[in-house]
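Read from first to last, the chains carry the letters A, B, C and D; within each, the first residue is number 1.
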Amino acid sequence: MFDSEEVKKDFPLLSRRDVVYLDNAATTQKPKQVIEAVIDYYENHYSNVHRGIYTLSEEATDMYEKARENIARFVGLRDASSLVFVRNTTEALNLLSYSLGTRLESGDEILLTEMEHHSNIVPWQFLQSKGVRIRYAKLTESGLLDVDDLVSKINRRTKILSVSHVSNVLGSINPVKELCSYARDNGIVSIVDGAQAVPHMPVNVDEIGCDFYAFSGHKMLGPSGIGGLAGKPEALDELIPFMGGGEMIRTVTYESSTYADVPLKFEAGTPNVEGAVGLSAAVNYLRRLGMQNVKKHEMDLMQHILNLEDEMSIRNLRSYGPRDVTHRGGVYAFNIGNQPSFSVDDLSEDSTLARGAIHPHDIAAELNKRGIAVRSGHHCAMPLMGLLGLAATARASFYIYNGKSDVDLFMSALLEISRGL
Amino acid sequence: MFDSEEVKKDFPLLSRRDVVYLDNAATTQKPKQVIEAVIDYYENHYSNVHRGIYTLSEEATDMYEKARENIARFVGLRDASSLVFVRNTTEALNLLSYSLGTRLESGDEILLTEMEHHSNIVPWQFLQSKGVRIRYAKLTESGLLDVDDLVSKINRRTKILSVSHVSNVLGSINPVKELCSYARDNGIVSIVDGAQAVPHMPVNVDEIGCDFYAFSGHKMLGPSGIGGLAGKPEALDELIPFMGGGEMIRTVTYESSTYADVPLKFEAGTPNVEGAVGLSAAVNYLRRLGMQNVKKHEMDLMQHILNLEDEMSIRNLRSYGPRDVTHRGGVYAFNIGNQPSFSVDDLSEDSTLARGAIHPHDIAAELNKRGIAVRSGHHCAMPLMGLLGLAATARASFYIYNGKSDVDLFMSALLEISRGL
Amino acid sequence: MNVGNEGFEEMILDHYRNPRNYGRIEHPTSAITEYNPVCGDALHFTVNIRNSRIEDIKFIGRGCSVSMAAASILTERVKGMEIHEVEQIREEVFLKSLGIYLGPVREKCALLSLNALKKIAGGKRDES
Amino acid sequence: MNVGNEGFEEMILDHYRNPRNYGRIEHPTSAITEYNPVCGDALHFTVNIRNSRIEDIKFIGRGCSVSMAAASILTERVKGMEIHEVEQIREEVFLKSLGIYLGPVREKCALLSLNALKKIAGGKRDES
């Protein structure tokens, strides 16, 4: 097991800035190993990839493809060519919506869940204009996916199932392996949004058995602007290209074009090589800690915070998501007092905040005064917020450099704030 | 005027590696100012943008939006919100093809030129399946755009004109201001692919008067994974969003979504903030040199190489593109001896290279042995290669850190090689 | 809110706890609801405009301390103003008058009310 | 080509300048054209296969020194081989046998001919 205090020392920002950084579901800090990998690439090997015959370009190509191999291995792919580099999870899901969308017809159904991030809702809504229908599997009282409800919504019009592996609001961990096997049995294309999973637990895409799996580098110690779309070789093969341009072609004439093989087919234009190189260094860092340990670490923090919640009984504090930490990632969404739901219609003279309630913006601002960084808002999950009857929440989310002392600081600050404003 | 030897000192790679880097049309090296800006962001300000109430996120948001302002000003935009951050030119053009494509009908025409990069051909070819027709304006003998031919191809079915500002093979500079005014007069949406222009000459998008202008950061000293789509405010406003997800929405319900204003409408998902910050530093670097000076510098190098060509009369050397350097960027595509055109059909017993001809791969490899990095291949312009009757060329392309001595080294190496293999 | 001047911070908290002009005008000449989807804040203004002058203004709403206080402060300021004067209130100037550094996100909270009033003013202008 | 062993480099240049088995077989049992669009290189092989054995092989083509030399070298090696043996030639092994470091792009040039022959072998296999 690793020591989060030791880990923290690898992160220049965390020692330079006096901050308890608890916004890790949004994005994570970078260890010096990642920063150095990017600098090394700029200072010693920078060049364009794939088509250069000169030494620098060969080095860059080699680094880019080795990064692909390394990251592919990290997420359990047998074959590095099953990993497409994309900008982020959002791009991966849009790629899928565009490419798979061309196969769909009016009346076809896409099955999502009520806990999805906007990135796994809006791209599919684009297809509604052609008569495609979106359905949402319900959640249970405790904030877990209601698998029975999901299964009951599968029918012969269901063509795509796309679910998050871990919710970025509730932290709920979904049984994606089981879900993908339902999908397979019913001839449904299965997609997993792994943005909140790959950074926080061991993930083996081949084992999950999904057709496609998406994740973002910046949420797992890597640079921004790089992420992965992993897939079954045959599923990727069948997918029509998303963007056209350099690298992704085999031949182009004025009349028509033929395309390169996977993964290049989906990597039009000059790629973010430093992003790939940096993400590969991030993967090495995480591998050294051990993803099982990372998961355990966050589970411990989560248990600690839930225990403190019970012990401290902070006035009006309410938090969301499953209480059983074995089904929950390190995400803690909460409010102080009742928050009204987001609605433009139901304003009334006494619609100001209920007594004792503190708006999540004010909570975040007060925490910030105390050097603690949390997020407040809808967390790109407005529909889920609506379902919870809330306009917004505050959210603390943890990672490898957060320790119990961070949680303690956070909770005692909350206590103070709950008495204050 | 600046001194390229002095400039070179700012580029760590160029002093560490013993290389004459002449592949600048593909991508450019990074000065320490850009690398430091990226490191500073990682080590002192890293966070997610736009929705955080805490100090780090405010700093990151501020840096991201200041970068947008700075880069927008650099390309002559009055209004920073007219600059959308994209991954690269390729993404910008695909965004336009998807968004504008929804407005097109069978029989509508898109007008391109014969010198376009794959990125400005393939995305438009995607629209052929819905009956959209692509036409190509011809080139003159000297490799310049035949404006008369372009104008003659405008008719009432023409809906989009998309042209490169500068060719990445011939170096030809196109009269985009004039072309966009034709487009405007005929109610045609005008797009300029500025990938080879913004890095190398003063560009003022407002003055050009195009509806949309695309460019890549990595070709102008900036990081990979960041680029710009600039546009007229009303043109961007009318464009439907390309990708869906976080940041680009106003409201999302399970049923439907509304979208944010430009530019966020087009920036779904977590953006490449370090990319934007690095590109902003690159823009500062270029501004300090003066883009008029950058242009003059490359013109001088180009004139020098054309002079040497005449003086040295290297056996079988042939180069492509306009001889008048006032209409030409710093791109020098060439061959030694006759290269066959790309065709699978016309192989014959004596289709090996003509006597004295040297394959561009071999030229590049031989130059590489001498520490000179040039590209060889089709330069993502296969159709243009076909037009020139070639399968491939070698290509040297220049930038601010290349001096006359680099050109001299390059030409004398060519002389040696032309005698050798 | 962030690093700021104590006095101004007091002012914000005071307006947040005791918003001025809170409520609805019965038969307003204009009304508008403005909201910030990021945090769910919503403000509803009812206004009486006569001879291009804001005779009365009230608001109801829900929101964080900054959006509520800014709305309250703004209603006090614009009462009696000509609508073209409201249109001319510059965002930077209004933000500065609040006296505390807000940061980019909370600036949006503070500007919610100003945006609403500008829309009302612009609308009235268009009609005349 | 890049940093390499002088002797091997000589071998490549020799095969490039004087390709072996250059030409066409009149009535081949198999033929294939393989090309590399990146550089326009194209190789055309005609092969006589009898009893699953490569009795004769010739090629014509155009390309850089590496692709031409590799094709020439490969024809010499496979003549007389069983087709299943051709299928089993491993890319790494073939590249290594050329004796010089090629780098990722030029490896593709060198493998053009091997890919072509494997397709022929695979095709023959499928038919039998």
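The working rule: contacts are C-beta pairs under 8 Å (C-beta built on N, C-alpha and C of every residue); 3 or more make two chains touch, one makes a residue touch a chain.
All values derive from a computational prediction rather than experimental measurement.
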Lowest number of touching-chain links that must be crossed from chain C to chain D: 2
From chain A, the most remote chain by mean C-alpha position: D
Approximate Å spacing (C-alpha centroids) for the pair chain A, chain C: 37
Centroid spacing, where centroids are CA-atom means, of chain B and chain C in whole angstrom: 46
Where chain A and chain B are represented by their mean Cα positions, the distance between them in whole Å: 32
Of all residues in chain D, the ones touching two or more other chains: 2, 37-38, 105-106
Two or more partner chains touched - positions in chain B: 51-53, 55, 57, 249, 251, 342, 361, 365, 368, 376-377, 382
In contact (per the touch rule at the top): chain pairs: A-B, A-C, A-D, B-C, B-D
Of all residues in chain A, those that touch chain D in their complex: 50-53, 55, 57-58, 61-62, 65, 249-251
In the complex, chain D residues that touch chain B: 1-2, 13, 19, 22-24, 33, 35, 37-42, 44, 60-66, 68, 105-106, 109
Residue ranges of chain B touching chain D (in the complex, touch as defined): 339-344, 347-349, 351-353, 359-362, 365, 368-369, 376-378, 382, 385, 390-392, 421
Chain A-touching residues of chain D, taken from the complex the two chains share: 2, 37-38, 103-106
Chain A-facing residues of chain B, complex: 12-13, 16-17, 19, 21, 23, 26-27, 29-30, 35, 38-39, 42-48, 51-57, 87-91, 93-94, 97-98, 114, 117-119, 121-123, 125-126, 128, 134, 136, 216, 218, 223-226, 242-249, 251-254, 256-257, 268-275, 342, 361, 364-365, 367-368, 372-377, 380, 382-383, 386
